[in-house]
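What follows is a pair of complexes built around chain A, which joins chain B in one and chain C in the other.
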Partner chain A sequence: MNKFDVISTRAHRIDTPDKATGQAMFTDDLCRPGQLYGVLLQSPHPHARILSIDTSKAVNLPGVKSVITHEQAGYIKYGVSPARYDETVFAIDKVRYVGDEIAAVAAVSLDIALKALSLIKVKYELLPAVFTVEDATKKGAPQLHENSPGNLCAEVHQEFGDVAAALKTCDIIKTSTMKNKRQDGAFIEMQGCLAEFDNRGLLTLVSSTQVPHYVQRTVAMVLGMDVGKVRVKKPYVGAGFGIKAAACPMELACCILARETKKPVKMNFTREQVFMYSRARHQFTHTITTGAKKDGTLMAIKHECCLDGGAYTSFGIATVYYTGSLLGGPYKIANMSYDGKRVYNNKPACGAQRGHGAVIARALFEQQMDMIAEEIGMDPMELRIKNMMDTGDTTCNDLNMSSFGMSECIEAVRIGSNWDKKKGNMPRGKGIGMACGFFVSGAGYPIYRSDTYHGTVIIKLTEDGGTALVYTASAEIGQGSDTAFAMIAAEALGIPLDNVRLASGDTDMGVDLGAYSSRQTLMTGHAVKQAADHAKTQVLEVLAEQLLVPLEKLDIKKGFIEFAGDTPDFSALRTRYIKEHRGWIDNPDSKKLTFKEASRIAFLEKGSIVGTGKYKPHNLGGKFKGAAVGTSPAYGCSAQVAEVTVDMETGQVTIDNITDAHDCGKAINLTAVEGQMEGSVSMGIGEAMHEEVIFNDKGQVLNNDLAEYKIVTSVDMPRVKTIVVESCEPNGPYGAKEVGEGAIMPTIPAILNAVYNATGVRINELPLTPERVFFAIQDYKAKMAK
Partner chain B sequence: MKKIIRLTINNQSHEIAVEPNLTLADMLRYQLALTGTKKGCDTGDCGACTVIMDGNAVNSCLVLAVQANGSVIETIEGLTTAEGLAPLQEAFVEKGAIQCGFCSPGMILSAKNLLDKNPNPSEQEIREGISGNLCRCTGYQKIFEAIESQSS
Partner chain C sequence: MLLPTFEFHEPLSIKDALKLKKSLGEDAKLLAGGTDLLVHLKKKLITTNNLISLSGIKALSLITKEKNAVIIGSCTTMTQLSSTPIIQKNFPALKAGCDNLGTHLIRNRATIGGNACNASPAGDTLPALLIYDALALLETSDKKREIPMADFFTGPGKSCIQPDEILTGFRLPIPGKNSGAHYIQLGKRKSSEINLVNVAAFLKYDPDTKKIIDARIALGSVAATPIRSPKAESTLMGQTPEEACFFAAGEMARREDCHPIDDFRGSARYRQAMVGVLTKRTLTRAYELARSACI
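After this line comes the complex of A and B, so read on.
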């Protein structure tokens, strides 16, 4: 029996009827009277000094309202992490990648704006460019940034325990290297924005962002405005996956154009510009050494990684830390070292993408788990369970697993995939593989150093009674957060979901750090619950007074007031309510007092009933440098089994099916949880099988469209069996935690382990194109023949 | 030079002056405010701009408005009836086939066109029927379920 009335169900999402009918508004669907169209001038060169910019012809083109360069935009540096600000809105003395922004134009039509762009004359002195980690770190390589010698953007060295000593005690040591390719977010809605000043100097920026709060702060800083005079609103957003989780130069340029022209200005990226701007998953090269005893006990991990970062830091400093810190679980490992570095070069900057920093490290390490299992003749699942952390355990780098259904997930996929029957009994060319993974439920700390609450929520009960309005600055970008919060509010207030309305994504509604690091369900969810409890208590206090019943005896359930023990005579209240509503058709005649009556009476006594809620995590993590990154109030975890068919002659890999189990704590909405799991799997399959942003030797993206950059289509996607495993997370609202990113962790290694099982070949580089697999099989055959 | 075109959109006849290089997608979105038709690429690769033109699902970003002269067009706005959401739209809501929703109008129209032509499609036919509509959010599972639930 479900002890909940609203959460833990398959309630329909509150936003999807409007999305199904085309009524839901996204940024480019909005228009303002008299709006101008803005466009960006971007560098055609990967590395060049700017000698001069002549905008005179463009300015004089009829219909052009403003042309801006760094002269209008200024010299203020911004970025993601304040200690690492290394970008300006427009390039000042040099450009560092093909796409670096140089100028922007606003005109009465898009055609005129584009015409004006072609009239801007920029003189460049071309500089030698570097496109790979190897070239960028060579002696004498051209330097991208003045104070980053050797093009080293960041480096991290950490050791927990004593790795060298532990490795000496090991019976089995596996070392291997793995490399992925730069990915693209490939969300279907391209970035867009619309900025406008009113006549009192308030700037409103409407943008397809995941993080209205951070965009608000960045815009205020760069434009030199009070934060209170900048309002950022996010309409519906066509997903982001991490790429839209920071202020982008187009948003800033758009605000400056609006300031210069005193007109609303709209700007959009083209698909080509989405690729040019990038900020998606890095290319990682990992080398990991894992040591174990012959009984399978894991002893130590030595982890080295290099990140191909692109021209700017963006999220990179967090990425390089996450890459190391999220390898500490889900197994008990006392000794772990990490040496990571991120290198600049003349490609677009990489940033955060689903499973931030941790996906490829996990892909390599989970293969080594299988290698160890094979060597000692143990089932891969058994090896994992043997080493699995228990609920309450802490990793050697101080990540606490306050709830942890990892073993249950393994058990679920073992049964769900029929593992015991299949493993070891598949013909050549067919394979089965599994892997595990985990991820944070929200970053323990904000991106800028601050004691800020991570989320605040206001719930107001409508004055007529009956409806709760939830206001949150959090960001619904497709993941279903609006619905989750409406459900939490309804549950906590004790009313049906239908009686909750919700507005989100507006910085005027409070502070919310936004949709990244899988934080909203846990963090914003807490604040929602607290606000709902607060509003409910105020209603019940009035009732207690009016009916002379102790507060503890009162509750609200399914929209009715529940009395512990005898129901007092509430007819006076009901009469009072009905008297005010002469002619209304919905006057209550139920045996029970309704929430509607109660909240109306509460309003009559106290004025508007407003509940407030807030959340910030307790102090998390250790004292070492970088300890903050990877800490979280909770961790979601998952296990997956992949089954594949490999054509041994052509190298073609087909994924036959995936079985996926995820521990999301308490599932607020089961359908939405499954949706996140399935979406994660599809993105993981894309990265494993097809996705690779390809550059030419001039630093231009060759496959800058969705025809040549191949994301998973309906034809490629295997059927996925999703199994929701629920634990109770003590730090989560109703026990809930993340699902949006943890679910991608096991996908790639499960596929790689299955390919190995099918072919006997380990493939160390993604994606698994037929050529790559074919040559790997050939090499293997040649080796076996010797 | 603008050209006058006549066409029927969602059972309503229109006479519109359009530039010769205006796409059908842009005409629908920016001249008629039928913004339910989305654009995810403008190059015919994503399917977000799918509309039904003379009985076939087309990428409206690849069709010039002048080419649509005399056609019968159905956009997502035309699916809803006086009773509310069409059963296929209901199915997308009920099965959880919509996340960010940016692909959904195009996806739903491709699915409708498939079901109109083939009321009882096999799994493979469903996959092929929507293969021109990219969805980055859902992994397609619940979209398959929604379409399967509407096959007769």
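After this line comes the complex of A and C, so read on.
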């Protein structure tokens, strides 16, 4: 068992002092001399042809510096996946949802910019609009995109093994359906950006983004610039949850306004615009058939799903694949088929959100596991463990579980929740339920096809010898990645965390694909460790030379040089160091040679010590169409138990306790791991219980604020008992893998299974509002009375 | 979203405020806590050129006891009401309403007068004002009048306040012995809610005959305004306070006294069903409190 000095502790986050004192700078805190304010003109109609745009009055308003439409922005199509680029910065011929961007204004004040917006005259020819999957797929329905007949954005058909044949051998077959509702990420910080060109033509875009790298590429492509002339920086970011994982039209408009005006331009979304832009979790409608033998052996899954996509593809093509692929585990299933489609309609586009694509499929499937367990009279945990994959197993769709603490997670929540005592012994109205889930630890491939490294890191030791500077383009968005990487660097270098400084979120620092698909701890973490090892080796090589000690006998621990065997006489080195520091009163006098001395000597011999690191996954996945989606170098696992009280008269559900065990491979920072677990649970509870973006019949969002869009409050949040399981992932740095998204997977089905346990009623639609639960109970009572 | 521009007035006395209101006319809006008004202004649901802030008028945020009544200034905040012993002791249903409104931050600013003037059918303090037989204290430059809260609301967002009038406070008669009251609200989550249904009930019984001698029930979110539930109240009179009669009152309130509508927050069908449950529960609790008060 390795002993660690820095990782595997509860070190304080390195950004805590900034955030606790309010000194942390977010995009909207930044201000540049001569800065202009930009605003977007967005469509009031869900579907309309644009006949003309008259900007003359707006242009002439004093204080207005630029008004841009598609004429300035151009016609280059962009999006998330190059295979599905279907957006332009501004609508050209028509608008496809309420909020579709038409024009933008930059002016000397926000007030004037907003006034100018009202002076832009757009003539529309209104077109019939469709808002549901059902209406959009009807014969003769209005079509959103020319090249997508039937409003079909994407479809997937996959079969592994022989599902029909396997189902014929089953003793128990369960078919059920489930529908969730369109979500909003409800992050604290609304999207914002600040763009500026310098005198040599370098564009710097500061943005509240999860993915500086992808934004850099998209901006360069759309503005027709060299990637090297675009720098994207991310200051502190108030979360993203997937919604900020792609370039947004406001960022592009902001860059174009900066180009047109030669001035810094700042833009922000209002909360209403966050809802209008959307790009959060889709509404999924699943039908799953699961077949099992009477001893509980799972035989086959037949899965159909339809995604209510909205007006554009966004992440949708990846979402529709993820939805299918992540049912391949965590149980041994030889036969699985998936038929998925994503449909366009005149609502804002949906995209990726925590647990991308897989959350609702998991929510339905884990209920079927309980149905099967109930029918054969087996404990739900036992059924799951019976079918659980083992470490090293590969799913029927070629996902390899290189570490797999799933059964350990189940045992942990069984004990942690006192399951054996409670299950089956709760009074009516109280229930207990459990579920499992797993998620990727970084997408196996970048969003665009490339052999690029997924992350590069540079560590420079300061010339004085005291400090390691870590440079990474990764994105700290509140999850704690900066702290994790500083800890990994300190651990690998063998120095205290205090001696590490870290800068991140800047495309000038290298390539990093960013904060999505729970990739950074594993991928960026690898690159950090490699860069630190590289820098450390260079220091030790100099020492080996100077002290005539074999390199392999040298190590650095806790800021001191460790010698295997006898400590050689290093007084000459110390003297050399102290001579440089005459007058200093804190010169080293320790029995051991310090890292500071050693790294200073290394600089004196070799110049600046720079370590570099890089990471990309080995080739992953099978050869079939879509095989790449769902692949990952590692998978995090989790199991949860939910305990609920249902008010049988009102339908109100109170979540009393959640017990959550997560296998994160190795916790770099225990407190941060627990934070991600609790955050996932909170988001899962929100989606299960309250959250739903509601539209009127004109395609407008009715609850476009956080008063009416109901995320979990502290009063709704139950006690969460978090249990960290460590399976030591061979593909992870120090064995670490994801925790940020996998932990949301079991939350919804655990609650649904608990509500069933409390009421005897299966509810197949979210959220579990008191009203929905009340009528489900009433219907059930009526049925039982017959 | 930006606040529109307006002139900001901050009178220091009720007299000055009334003078301003008169001179600025109907367009001028009164600003108390601002937790509704500023949102409406931002969303352009209300426009005005003149905002008269009442927060400089100390007299409006006082809670004072008279012989048989308590006067609550219209600018008293939820937090202030909830932490005042005289309210806690005599008007627990009002305190419960104050505690349920919005969030901590909103409760620190939101005022009871603002809650009444906003006249939302779902307003958290309004059912309590109805069951405590509160009087609204209205004032113009020349005259004062007192209006029973039962006559105060005229529609969603509307009240009987005249353009030159200011709501200065409420007079709440102190409930006598052998009485109790309670308030329950139901929403999708446990805090920061806009109620789906909210109900307050007041009960008084004769300790000798053990019969109910006064019953008042107020229903929120199930009609154009917060309303009393007269048919349910009348079923209770003279009854022995026990589960059966509370249930019957709930059923009567559900069937006869409420007229909910469907909106995106919930269906009329559900609201109506919940009127029955919540009425029964508030009555049960009100009676428990009445009994425990006399022990």
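Keep this in mind: the second predicted complex is superposed on the first by the 784 of 786 C-alpha atoms of A that agree within 3 Å, B and C clash if a C-alpha of one lies under 4 Å from a C-alpha of the other, contacts with A are read in each partner's own complex, and residues count from 1 in each chain.
Following the convention adopted for this analysis, contacts are C-beta pairs under 8 Å (C-beta built on N, C-alpha and C of every residue); 3 or more make two chains touch, one makes a residue touch a chain.
Quantities reported herein were computed from a predicted structural model and do not represent experimental measurements.
Visitor: Once the shared chain is lined up, is A:T177 touching chain B (first), chain C (second), both, or neither of them?
Guide: So A:T177 meets neither chain B nor chain C here.
Visitor: Does chain C touch more residues of chain A than chain B does, or is it the other way round?
Guide: After superposing on chain A, more of chain A is contacted by B.
Visitor: Where does A:T575 make contact in the superposed view: on chain B (first), on chain C (second), on both, or on neither?
Guide: Neither: A:T575 stays clear of chain B and chain C.
Visitor: If you stack the two complexes on chain A, which partner ends up touching A:E649: first (chain B), second (chain C), both, or neither?
Guide: second
Visitor: Answer with first, second, both or neither: which of chain B and chain C does A:A672 touch in the superposed model?
Guide: Touch partner of A:A672: chain B, not chain C.
Visitor: Report for A:H12: first if it touches chain B alone, second if chain C alone, otherwise both or neither.
Guide: first
Visitor: Now for A:A707: first (chain B), second (chain C), both, or neither, which partner does it touch?
Guide: In the superposition, A:A707 contacts both chain B and chain C.
Visitor: Looking at the overlay, what does A:V715 touch: chain B (first), chain C (second), both, or neither?
Guide: both
Visitor: Using the superposition on chain A described above, determine whether A:T270 touches chain B (first), chain C (second), both, or neither.
Guide: Touch status of A:T270: both partners.
Visitor: Just checking: does A:N418 make contact with chain B only, chain C only, both, or neither of them? Give me first, second, both or neither.
Guide: neither
Visitor: Shared contact residues on chain A, chain B side and chain C side combined as an intersection?
Guide: Common interface on chain A, chain B vs chain C: 270, 707, 712-715.
Visitor: Show which residues of chain B lie in contact with chain A when the two form their complex.
Guide: 29-30, 33-46, 48, 75-77, 79-80, 85, 89-90, 92-96, 98-105, 108, 126-128, 130-131, 133-144
Visitor: Chain A touches which residues of chain C in the complex?
Guide: So the residues of chain C in touch with chain A come to 1-2, 103, 186, 188-194, 196, 264-267, 270, 273-274, 277-278.
Visitor: What part of chain A is in contact with chain C in the complex they form?
Guide: Residues 110-111, 114, 270, 272, 649-650, 652, 654, 689-690, 694, 696, 702-703, 707-708, 710, 712-716, 767, 769-771, 774-775.
Visitor: Report the residues of chain A in contact with chain B in the complex, numbered from low to high.
Guide: 10, 12-13, 15-26, 28-29, 31, 185-190, 236-239, 241, 270-271, 477-480, 671-672, 674-675, 678-683, 705-707, 711-715, 717, 719-720, 722
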